[in-house]
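Below are two complexes that have chain A in common, paired first with chain B and then with chain C.
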Partner chain A sequence: MSSALSTGRLGLQIRLPHATFAVSCDADQGGAKQISTRFDTDAKRGLTLISPTAIYVLLLLAVPLATIFAFSFWSQDFLSIDRTLTLKNYREAFTDPIYRVFLLRSLWISGVVTVVTVVLAFPIAYFVSFHVPPERKALWIFLITIPFWTSYLLRAFLWKVILGFNGVLNSGLLGLGLIDEPLTFILYNTNAVVITLAHAFAPFTILPIYVALEKIDRSLLEASQDLGEGTARTFFRVTLPLAMPGVVAATLIVFIPTIGDYVTPRLVGGPDGLMIANMIQTQFLKLNNAPMGAALSVLAMGAVTLISLIFLFANRRFLK
Partner chain B sequence: MNWLRVYAIVYLVFLYLPVLLLPVFSFNDATVIAFPLQGFTTQWFKELAGIDALHGALKNSLFIGIVSATLSTILGICAARASTRYRFPFKAPIMGAIMLPLVLPEIIVAVSLLVVLMQLGFSLTSWTVIMGHTLICTPFAIAILSSSFQGLDQSLEEAAVDLGETRWGAFSKIILPLVTPGIVASFLIAFTISMDEFIIAFFLTGADPTLPVYIWSQLRFPKRLPSVMALGTLLIVASLVLLSIAEYFRRRGIRRTGAKDSGGFL
Partner chain C sequence: MSSIISLSGIQKYYGDYHALRGIDLEIKQGEFFSLLGPSGCGKTTLLRVIAGFEDVSEGVLLLDGADMARVPANKRPTNMVFQSYAIFPHLTVGQNVAFGLRKKGLSKDDMAKAAAEALEMVGLAGYGDRAAHALSGGQRQRVALARALVLKPKVLLLDEPLSALDKKMREQMQGELRRLQRQVGITFILVTHDQEEALIMSDRIAVMFEGEIAQMASPQELYRRPATRRVGEFIGVMNFLEAKQTGTSEKTINFDVEGLGAAEIGIDQFPEGARASADVVGLRPEALSILFEGQKSTGRVADATVQDLAYYGDMTYYEVTLEGSSTPVTISMKNLISRPVLERGTKTRVQWDERSLVIFAA
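And then the complex of A and B:
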């Protein structure tokens, strides 16, 4: 990098490039020129280095997403695609009740899953951050993440086994004499989808909240208590507001991908628990109507993005 | 704070419940996946050895996993190094776009790639799955590699350059050895993600299914379920071994660069 500048003040300069900047700028006029060339080489090297990844993402993500967007304004004409721009797909998506039901149900399920997952996960993150001794924290985090490196398909399928008519839960409760006949409200409906997805996304919520809690300066909590606040009020007025960036991140990390889940609704949702991803798949692979599938994808993503932005805006005061 | 500890333990049971059932049913001597258990058997594991379609799917998944993990680690090294070492224009939007697949629903990635590939007249093969898997594994690789690169003391590299090394020489002789544990961890994580990924493979695979696509096709046949359980048990053992190795290398990398351990992946 800056071999011309680096002799003598090696440590300071290199660890803190910003500081070098300021110091040499003040030092002399020639320094400014040197710095602007340095910035140029820095920028050039950075851009060159990132270009393979950036180009890959451009070609395999940006271009495909743009294509989906374009497709949503085209229409299927038997085996070929009619490329005249039309709002037909969107009109159909808004008027045909089946699409509306799928979209609204998906948003509802994603919302419920998000709330359930975050509310259940917060105490765990809090427990690990505040009540587990420092040397055992890594072990707890490891324990929490392990189950999620096993096949997602099989985990979703096993929930079907657990929640089923003569499944683990029902046979267990029957055996204990707690119920007289198997519970049926827990499989092949939205409840089952919520339970399975809440399980699938658990670590994605625990980790960001945990990281936010870890960052909280513990002396602030002591200060609050010293100034006469009780435990509960300290939690709600100090801990929770400071943990909000983690909660917001966790919320988005669950809410956005959940809308597109295909496996769980197919396995445990039954006919009334199917979500928009199942409809998108049907349009693309079964009905061979890619433009309609594209329009539904765009609508789902648009709705999720809009809700996420509103959520971010509502929480802006916690995010600096 | 006793109730919090109780809650944490109940929660862990909830997290581990499905995973623990897998080995239970894979050794259960019954064709129906339900309680009560019927006795011990290893026949479901023996059955696995005789299924050719499974072996094909496994080989295919291993190939896709290795290639995707290699590509995403290379792309991850470029991006992680660029973002931790240099300041350049449009850094935030570029990095944002690269990390986007982390939150984007996989079905959106899958259908958008499918549409483009169909329009360009590509036929679906293992390579189309690799394209998709590389895309979704790269953000994970970057997350792991960034922490390796971030912990580096830049003065080491500067010293090498001052002592007459070329920039590439300094990178390959000083930086690479220091981040090798991070590279190994990134490769293993990307490999595990690719091996487990279903939706993208489901949409983009051609005639040769991957392992999850094969498993999906078997879930419809009740008779096949016990052997699917056995297969799942083997997969859990395999991913636990891989993850322990990855965690070992990640910790070693953090110790090597002298940074503080912030716990687990992600």
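And then the complex of A and C:
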């Protein structure tokens, strides 16, 4: 036993129930004390290992977040910041209709983008997982990630070229004689924002759904057939419920960041397609009202968090 | 008794690979039938053909008299216990068992009742509300059984259902499966690579090698009279000794067997078509016995030397060489209180019975 204690592996062992049992049998000769010191050493080593990342995260995420939070309770006094705590910004955010319009529109656009992306991504993930031969799956996944080789900004610009008044889509359709005049509902409005964002986030949704589908034991599908269910029923009774962790992950991966997106609405959204992030940017940079911008940021984060938690709660039975 | 399953001329190709090479098989209603063979012999493929997961390249499959050629798996009167059990992880035990009942048009209460009864039958009464992922291996196996049996299939297919269990559990389940089969009276087809399991559980066994059935017989017949050397080797332990034909009489054929000497073998011991080609004979370990000092022989006797031994507690397995032969021969002896366990190198005598010599057809 003493040799086992000196190997330094015990920190790992004592997390296993049977090993704990084995240790406690010998604990009468000061063994327990020795274990606790060992464990501290292990914990120290662990903390050392994670500290660079932890410090990085703390400095670049926690501190700015806390700053934003603090700012939202301060107020702008012409050129200087008044640091007396006040709810003035929040009061304004809730009473002035413009902020409500922006926030609700953002939530609506994010919701639509999420639904469109996930609904379109599922068949692709399903196809790659179930119908592509195993040796080609890696190639398919690789091809799906190709859009990432270009910067996000460039892709948003390209959609402008595609969807524009004299853009690729319109001139193509005009040339084919399918339309008589250029379509205008596809650029500088929320539709354009949805199309561009859905394209940008497609790989993010395909991958988690694909992983969830890959994890499904194929014999479960055979079992469902064996028990009398056809293809469609098998999909709804077995495949889809088991793919739900991936669908939930995909949904959150799209929904959470799209709320805060401001590049795409700026480029292709026109005046009607602007989102809360554009308003926040305006507050910080143009109106020089950082506290108001901070308050809007906090509200946007709060709304996303709340909706995400409700969504997770609604799907909790799939996430066990 | 009528055939519940009838296979004739079943061929299965995977590209160039010839997985099943002309399988003919009749399985009777209520039979416990085993497909036994080493891995890759086609036994699982054959089971999946019956279940409808693989289509046949050639041949006819009748299930209870009906041609299954165009019938998909979900419309066949068979149910399967998968090797991995395939328990739906997102459902409770009760929902798993009731999964196939949706089609039967039962009310919710009737479905719950049927599921509860099925669970009780496999010894899991009251487990209905448990999460499927919280079950042990043996319990998963029982749930898989209940889920298949609750649909009252005409044939239950079992794909190596016990291979994932530890030895104790496996032995217990072997007995339970056998009892359950007698109780429900459904035809069971078991795929296994474990010859002992097949012998213990089956009414009849088909031994398969390379996509063909090498022999189909009852467990006793299979053990006592393996048709080929390969079957003899696969089932239990068998010693093989060279033999030369020295003469024939009306009811016997005389052989000179390596290390054992002259043997008169009755013609009834020969399987069909074996007479001319017999140059090797088989002998089970229990067909030979060591003559301990002071013991009188009751049969033919040969001299031998103990080369090695394995002590099993109740039995000792000796590896001996017979005088005038270098082939190692295995002998199993029950350990009685009056019997010593011989040491390596001991010279001894062995006694054997020519009636237990096995002649192979090929």
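We adopt the following convention: the second predicted complex is superposed on the first by the 282 of 320 C-alpha atoms of A that agree within 3 Å, B and C clash if a C-alpha of one lies under 4 Å from a C-alpha of the other, contacts with A are read in each partner's own complex, and residues count from 1 in each chain.
One rule holds for everything that comes next: contacts are C-beta pairs under 8 Å (C-beta built on N, C-alpha and C of every residue); 3 or more make two chains touch, one makes a residue touch a chain.
Note that this is a predicted model, so its numbers are computed, not measured.
Once the two complexes are overlaid on the shared chain, A:120 sits against chain B while remaining clear of chain C.
Once chain A of one complex is fitted onto chain A of the other, the partner contacts of A:235 are absent, as it touches neither chain B nor chain C. In the superposed model, A:56 lies in contact with chain B only, and not with chain C. In the superposed model, A:152 makes contact with chain B only, not with chain C. By the touch criterion defined above, A:217 reaches chain C but does not reach chain B. When the two structures are aligned on the shared chain, A:284 is found in touch with chain B, with no touch to chain C.
More residues of chain A are in touch with B than with the other of chain B and chain C. Contacts of A:90 after superposition on the shared chain: neither chain B nor chain C is touched. In the superposition on chain A, contact of A:311 is made with neither chain B nor chain C. Contacts from chain C toward chain A in the complex involve residues 51-53, 72-75, 78-80, 82-84, 86, 88-90, 99-100, 102-103, 131, 133, 147-148, 151. On chain B, the positions that touch chain A within their shared complex are 1, 4-5, 7-8, 11-12, 14-19, 21-22, 25, 33-36, 74-76, 78-79, 81-83, 85-89, 91, 94, 97-98, 100-101, 103-109, 111-116, 118-119, 131-132, 134-135, 138, 142, 153-155, 158-159, 161-162, 192, 196, 198-199, 202-203, 212, 215-216, 219, 228, 232, 235-236, 239-240, 243, 247, 261-266.
Taken together, the chain A residues at the contact with chain C in this complex read 217, 219-220, 222-230, 237-238, 241-242, 317-318, 320.
Contacts from chain A toward chain B in the complex involve residues 1-3, 6-7, 10-11, 14-15, 17, 39, 42-47, 49-54, 56-58, 60-65, 67-68, 71, 120, 123-124, 126-128, 131, 137-138, 141-147, 149-155, 157-159, 161-162, 164, 166-168, 171-172, 199, 202-204, 207, 210-211, 214, 252-253, 256-263, 267, 277, 280-281, 284-285, 290, 293-294, 297, 300-301.
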